[in-house]
Amino acid sequence: MAEQAIDRSKMKVSDEVAIQISNMNKWYGQFHVLRDVNMTVHKGERIVICGPSGSGKSTLIRCINRLEEHQSGDIIVDGTELTNDLKNIDKVRSEVGMVFQHFNLFPHLTILENCTLAPIWVRKIPKREAEETAMHFLRKVKIPEQANKYPGQLSGGQQQRVAIARSLCMKPRIMLFDEPTSALDPEMIKEVLDTMIELAEEGMTMLCVTHEMGFAQAVANRVVFMDKGQIVEQNEPREFFNNPQSERTKAFLSQILGH
Amino acid sequence: DTLADVKARGELNCGVNVGLTGFGAPDANGNYQGFDVALCKAVAAAVLGDASKVKYLPTTGETRFTALASGEVDVLIRNSTWSFQRDTDLKFDFVAVNYYDGQGFMVKKDLGVSSAKELDGATVCIQTGTTTELNLADFFKANNMSYTPVNVADDSEGQRQYLAGACDVYTTDASGLAASRATLPDADNHIILPEIISKEPLGPLVRHGDNNWGDIIRWTYFALVAAEEYGVTSANVADMATSTNNPEIKRLLGAEGELGKMLGLDNEWAKRAIAASGNYGEIFEANIGSATPIKLARGLNALWTQGGLQYAPPFR
Amino acid sequence: MLIYDTRYRAITIQVIVLTLFLLFLSWLVNNTIENLAAKDRSFDFGFLWQRAGYDINQTLISYTNDSTHFRAALVGLLNTLLAATVGCIVATILGVLVGVLRLSKNWLVGRMMTVYVEVLRNVPVLLWILLTMTILSETTPAPSDFRVTEAMIAAGEAPKATMMLWDTVAITNRGMNVPAPLVEHGLPRLELLGMSVNSNVLAFLVVLGGSLWVNSRIRGHARRVQEATGVRPVTWWKSLAVIVLPTVALLMALGFHLDIPTLTRFNFKGGTEILHSFTALTLALALYTSAFIAEIVRAGIMAISRGQSEAAFALGLRPGRTMSLVILPQALRVIIPPLISQYLNLTKNTSLAIAVSYMDLRGTLGGITLNQTGKELECMLLMMAIYLTLSLIISSVMNAFNRAVALKER
Amino acid sequence: MTSVIPFVRNEMLPEKEPPLRERGVVHWMRQNLFSGPLNTVLTLLGLAVLLWVASHVLPWLMHSVWNASSLTECRDIITQRFGEGATGACWAMVKERWHQYLYGFYPMDLYWRPNLAFVLMFVAIAPVLYTSLPRKMLWFTAIYPALTFWLLWGGSVWTPVVAMLGFVILALIFRALVGKLGVPVSAGIGVVVAALWWMFAQGPVSDALQAAIPLSITTVDSDQFGGFLLSIVIGVTAISASLPMGILLALGRKSDMLIVRTLSVGFIEFIRGVPLITLLFTASLLLQYFLPPGSNFDIILRVIILVTLFAAAYIAEVIRGGLAALPRGQYEAADALGLDYWQAQRLIIMPQALKISIPGIVSSFIGLFKDTTLVAFVGLQDPLKGITTIVRADINWKGIYWEPYIFAGAIFFIICFGMSRYSMWLERKLKTDHR
Amino acid sequence: MAEQAIDRSKMKVSDEVAIQISNMNKWYGQFHVLRDVNMTVHKGERIVICGPSGSGKSTLIRCINRLEEHQSGDIIVDGTELTNDLKNIDKVRSEVGMVFQHFNLFPHLTILENCTLAPIWVRKIPKREAEETAMHFLRKVKIPEQANKYPGQLSGGQQQRVAIARSLCMKPRIMLFDEPTSALDPEMIKEVLDTMIELAEEGMTMLCVTHEMGFAQAVANRVVFMDKGQIVEQNEPREFFNNPQSERTKAFLSQILGH
């Protein structure tokens, strides 16, 4: 990451609250996965979430767009509270984009169709217009020439970039990333991280579960460390890496960076 | 009201047997032919004025009564035996007997059997779902004999099994036996035993509760019988209607009286019915009579005037 | 609105679905009641206790035409079960054989088995039933062909057909007459739980069970010896003696002898007659199903990767042991679930028995009884219920099996 | 202790032919036919079986007679040509009756209609299977059922047109309402209105149109259908009609709503648990009890309905397999993009699941097609037993038995075998489609 | 590998010949896979075989325990010539252990049963005794606690170690390895290589097809390079890597080590 001069000046954090999580708890059956999570995300923040496997990172960000239901506490996304009301859920989902570890592109549709599907059917945008937007974002992730291929014909890194473009086509205000690079070969990781950095530079609010510490240091304005379903420590990256406070964070960092 | 339905439909739904040589089967062109089929045509001619306005619905031993009960067919003309239980419990009306039959046995000559009483221990082929099954059981029981039944689905299968030797005896209505025998490659090697073990009055049947429709079938049939009695044939029926002096024939052919009206038909009904395939005798001869390979004798089915049982009540 | 709330949405939809379903159901029931009334019919199963009046050519339990329709249905059901069981066994044997042969390196045999599978499974099973029956009855001699008359003796002619296996088995165009076991001084019949039980059979089973138990003890001992010393003691002669001797002793005591079929006026009498209709139905179903089973077996064995047998060979296991210890235990897990659904199909297909005049459940309850009584609603519903029960039993066995053998994964 | 002797090859060895005993026909035979005692025995056994079959079947086939007007004549000709006691096949029957095996009693001068419908069927299926074809062809697929109905049964062209209008109404209502009321409710209302249309408007409107613009072709009644025409009509209609039902049942079975799931499972297990023949008897014997008094319709239609229910249960299981093969991620991605349940099913899940299920659907179809022979038991003219019974009832052909079976069996084999091979080919092709 | 001090002193090579391959040729149909292979392996040797894909490495070692049949030339293993005689084949196989790339454990048997199956059925060892031996070797590969689990429940590295233990339970004199680590994730490779090193230290005769050059340098006493079915070069590891003679070897090494 260091090779690239990252322009942090553009990454402004506003005072507006994008996501407000308060006293949120979640259980899988008997198992308490998320415990009293409190978190406020402001517009424009780039938050990296890290922590050992099974600590509930994925669950946390999946709760934010209601892929999982939480059992107590509140989640307010962009002013909309996530309750059982389907309308609210729809609203939140169309404002929050999500990128998965395994891309989850639709293999039976071309890249372009992948990108225009949701705008056309959810946002009811005319096809022509949706395609223009899609091409815009595909250009942005640097694969406009693949528009008419099928996902199966692309490499992992390209697929993940398409997945990002697909989310962007819905013009979300917030982007969630769940280990977007961990299923990729080393050569491809960089392509994807570059795209994410670019997004960050444009001021997108981002929550990103990742173990790419280089990325965290370069882009994040806050690193959240989770363990056993709780937020154990959070801080701005430099402090977090150089001066971790809790014992668990120290142990975790020594493991991760020791590699 | 079946008559109104048939008229409205412009077609008579006639339940038939498609696998019984001489009585009902379609030929290579898909035209149905046979003794039972001719009655369907006569009814269609009488009711609709066109003998070809018949829709033949093939039925099996199992589906035939349901087809009639559910209204799928207007009339069932399918070698069905008139029995007490069918008439009452199954809620049908047998309107006439167009063929007096009886259950008989056919065996190979070289078996050396000359009477059904000698069949103790034999294997018997029999069509399933018919009254013959019960008759057979009763007959052997009454004579204190045992047998092994082979229950076949239809006549052609029965004949095949009998020929293949899967059974010693083939039992079915004597008419069917004669038809089968007639078509065997070595007809002379098979004999039909003298015993007729049951009464099998075969005839058309309709549902309970629509008496007028029953009357139409019944009297169409009697018209055919009467026509034979009076010498009215398909060839001379047109002439007879104008030329005859016999008042009964006149009434029959609609030249006199209002008989058709009483049935809810026009007065020419019987004329058309007879013209369709001829009178009873003609139908018999054309389909199963001595001129055909089946070579059935008239026997019980001769007119009462000739020592048979076919007898039409007076047309007046 | 209820429909927009995730909590109530599901409940709302389910209530609507259930209401619609109940409405539909009551519509059906209502129609049925009205129709029955219109036809002046009743809905009751009383006819099952009336005299049947017809005869059945193969009965596993005692039955005459004086028995009730219920008993006739029972006879039919047992015949169905018999055909299904024998069919499944034969189909399995044939299917496994063909499936294994199809994998063989022998080109000719491999091709022949491919033809076998493709021809059998791409033609309706009804045709196979009809054809098998035709072949069986066309290629075998009539009972009269076995007869030796005075004239023939005089002329020194031999009869056209003779009995097989030292004059004990006669195969005619009606069936196979084989000797039946009989006992001379049998034990009296036992009345058990209101049923009459043949105590000879009971005694036989008891003795056999006892022998088998002793045998299992002997084998258990052998296994323990093997575990302790590595060498398995030879036990086959002990097993043989333990199983055979007591049984033979019992049979001798009962005065066991075989009832050999003899030619009478029309048929062979005595012994047991296995009708061709049974053979044809069972064989045709078995052949047809075996084609499917062969494919299942082949796929099952192929699913076990080559690596498994190579690993076994590399460990020094011989091919036979490799098959029995490594390949089969794994292949069976893959094979058995689809195999059981083939058994299910075979069982359902026995309902085509009427095509060859075999009196199964469809032939008795759903055929003659239905015809003679005109109780189509009752007969058909009862028949469906019985088939459904059979299917459910078979498939629950399958599910239990699947759960038991599932491979442990991480 | 030995030390390693370095070795370098400077000249590469050329490739050589294998030794003689490893090549040629002899090697092939040794390898493939006689590679061990067991294999040798198997080969000899195989040859013996082949010889035995050939010696029994060949003479009979060699003595075929193609021209005769009755079985007796056939037999005479065979005796004449090949001597007393010779047996032979009498294909003259097939020559005279083949059209009944194919078309039943369909009027001969109208054979072009089923033929045309059959050919058009491939045109209608093509765009479904080959996504590379222009999407406009799907319109033809949509009208194909009505067109075929009209071609096969004939009558006024307005009957199918007005019936199709019912679907158009359904679609319009659905489109208008789906935004506000959601899929289930708007589909429900659409179905109700369409049903009302079919029940009350269908007859009068089509009659009126027919009176205004008479356009009709000769009517052919269902009772004239038979042979393979009947099998194909039943098979194809049932499979295509069962697809939507099968999809709903499969979704129902996977649903997390207990009642919906129980009902779906109950239906599927019930249908799969009873033999088809009992369902056919239901069509012919019991439907008269279950339907409102006085309702009575065509036995072929009733059979098709029951066979459709039967096929739906099997198709549902096939599609369930397809659904299970889809990774969870596809559902999640659809959710995350904000697609609702039905959109996700229609746009994401079903296209993929159906594609995976094609081989299963084809084999269900083959099974069903073979099972159409069972309609003989309710008195319809299936190609195997029904037509054969009729032929045997003809005095000329009474007593013939091998030939009809061989003829009908061969056609069944060709169709089923061809179809299974085609589906295997299709499966391979679809798999590599996107590479 | 460097972390560990490998004790080469114990790895003695004796003069006794373990495997003698002379003028061996093998064809697959028309295709000449192995051409005039000559090779002598002494007891205690640790030979690493490398070469480009398709060069016949696997075929060569599979010929040694007759998983493949050779068509001309001789293979003599521990004094037994490999012919069509089943007895000889059995004898050779019980002296030669083999470890495959994909482990090929028997998934329906527990780890312990995997290890005792062959000793019980082939060597006719009492079960009790076989189990003791098995536990001994499982302890050696450091997974005694997994003895009653099923292969599906173990990680790849653990499975491969079980595969090694399974072979060892037959007390073979020679071990063949066919790319034992190439199906493993990087973390697990080390576990398996450690086990193999330990074996080497105990003086086991080993033939190992592998591309782990670190392993070759540390353990092997000879590296054999094959191409197009022939042995192109062989030498002791240091010489082989530092001073390859043939052009092909050089090309291959530059490719492998360039990574």
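Note that the chains take the letters A, B, C, D and E in the order they are written out, and that residue 1 is the start of every chain.
Operating definition for what follows: a contact is a pair of C-beta atoms (placed from the backbone, for glycine too) under 8 Å apart; a residue touches a chain by one contact, two chains touch by 3 or more.
This one's a predicted model, so the numbers in the text were calculated from it and none came from an experiment.
**Q** Using the contact definition given at the top, which chains are in touch with both chain A and chain C?
**A** Intersection of chain A and chain C contact lists gives D.
**Q** As a test of understanding: of all chains, whose mean C-alpha position lies farthest from that of chain E?
**A** Centre of mass proxy via C-alpha means gives B as farthest from chain E.
**Q** Of the chains shown, whose Cα mean is nearest the mean of all protein Cα atoms?
**A** The chain sitting closest to the overall C-alpha centre is D.
**Q** Could you work out how far chain A has to rotate to sit on chain E, using CA atoms and steps of 5 degrees?
**A** A turn of 160 degrees brings the C-alpha atoms of chain A onto chain E.
**Q** How far is the middle of chain A from the middle of chain B, if each middle is the mean of its Cα atoms, in Å?
**A** Here the centre of chain B sits 84 Å away from the centre of chain A.
**Q** Between chain C and chain D, what's the gap in Å when you average each chain's C-alpha atoms?
**A** Roughly 29 Å, centre to centre.
**Q** So the centre of each chain is just the mean of its C-alpha atoms; given that, what is the distance between chain B and chain D in Å?
**A** Chain centres of chain B and chain D, defined by C-alpha means, are spaced 40 Å apart.
**Q** Whole-Å distance, chain A centre to chain D centre, using C-alpha means?
**A** Each chain's C-alpha centroid was found; their separation is 48 Å.
**Q** Residues of chain B that contact two or more other chains, please.
**A** 62, 66, 69, 157, 160
**Q** Among all residues of chain C, which ones touch two or more of the remaining chains?
**A** In chain C, the residues touching two or more other chains are 134, 354-355, 376.
**Q** Could you pull out the residues of chain A that touch at least 2 other chains?
**A** Residues of chain A touching two or more partner chains: there are none.
**Q** Once the touch criterion is applied, which pairs of chains come out as touching?
**A** Here the touching chain pairs work out to A-C, A-D, B-C, B-D, C-D, C-E, D-E.
**Q** Inside the complex, what are the residues of chain C that reach chain D?
**A** Per the touch definition, chain C meets chain D at residues 3, 10, 13-14, 17-18, 21, 28, 31-32, 34-36, 38, 101, 104-109, 112, 118-119, 121-127, 130-131, 134, 344, 348-349, 351-352, 354-355, 362, 366, 376-377, 380-381, 383-384, 387-388, 390-392, 395.
**Q** Give every residue of chain E touching chain C within the complex, in rising order.
**A** 65, 67, 90, 93-94, 96-98, 100, 102, 104-108, 117-118, 120-129, 149-150, 152-154, 163, 166-167, 170
**Q** In their complex, what parts of chain D are in touch with chain E?
**A** Those residues of chain D that touch chain E are 1-4, 6-10, 12-13, 15-19, 22-23.
**Q** Considering only the defined contacts, which chain B positions touch chain D in the complex?
**A** 18-22, 25-30, 55-60, 62-63, 66-67, 69-72, 154-157, 159-160, 163, 180, 182-185, 292-294
**Q** Taking the touch rule as given, give the residues of chain C at its contact with chain E in the complex, in rising order.
**A** For this pair, the touching residues of chain C are 226-231, 305, 307-308, 310-318, 321, 325-326, 329-330, 333, 407-410.
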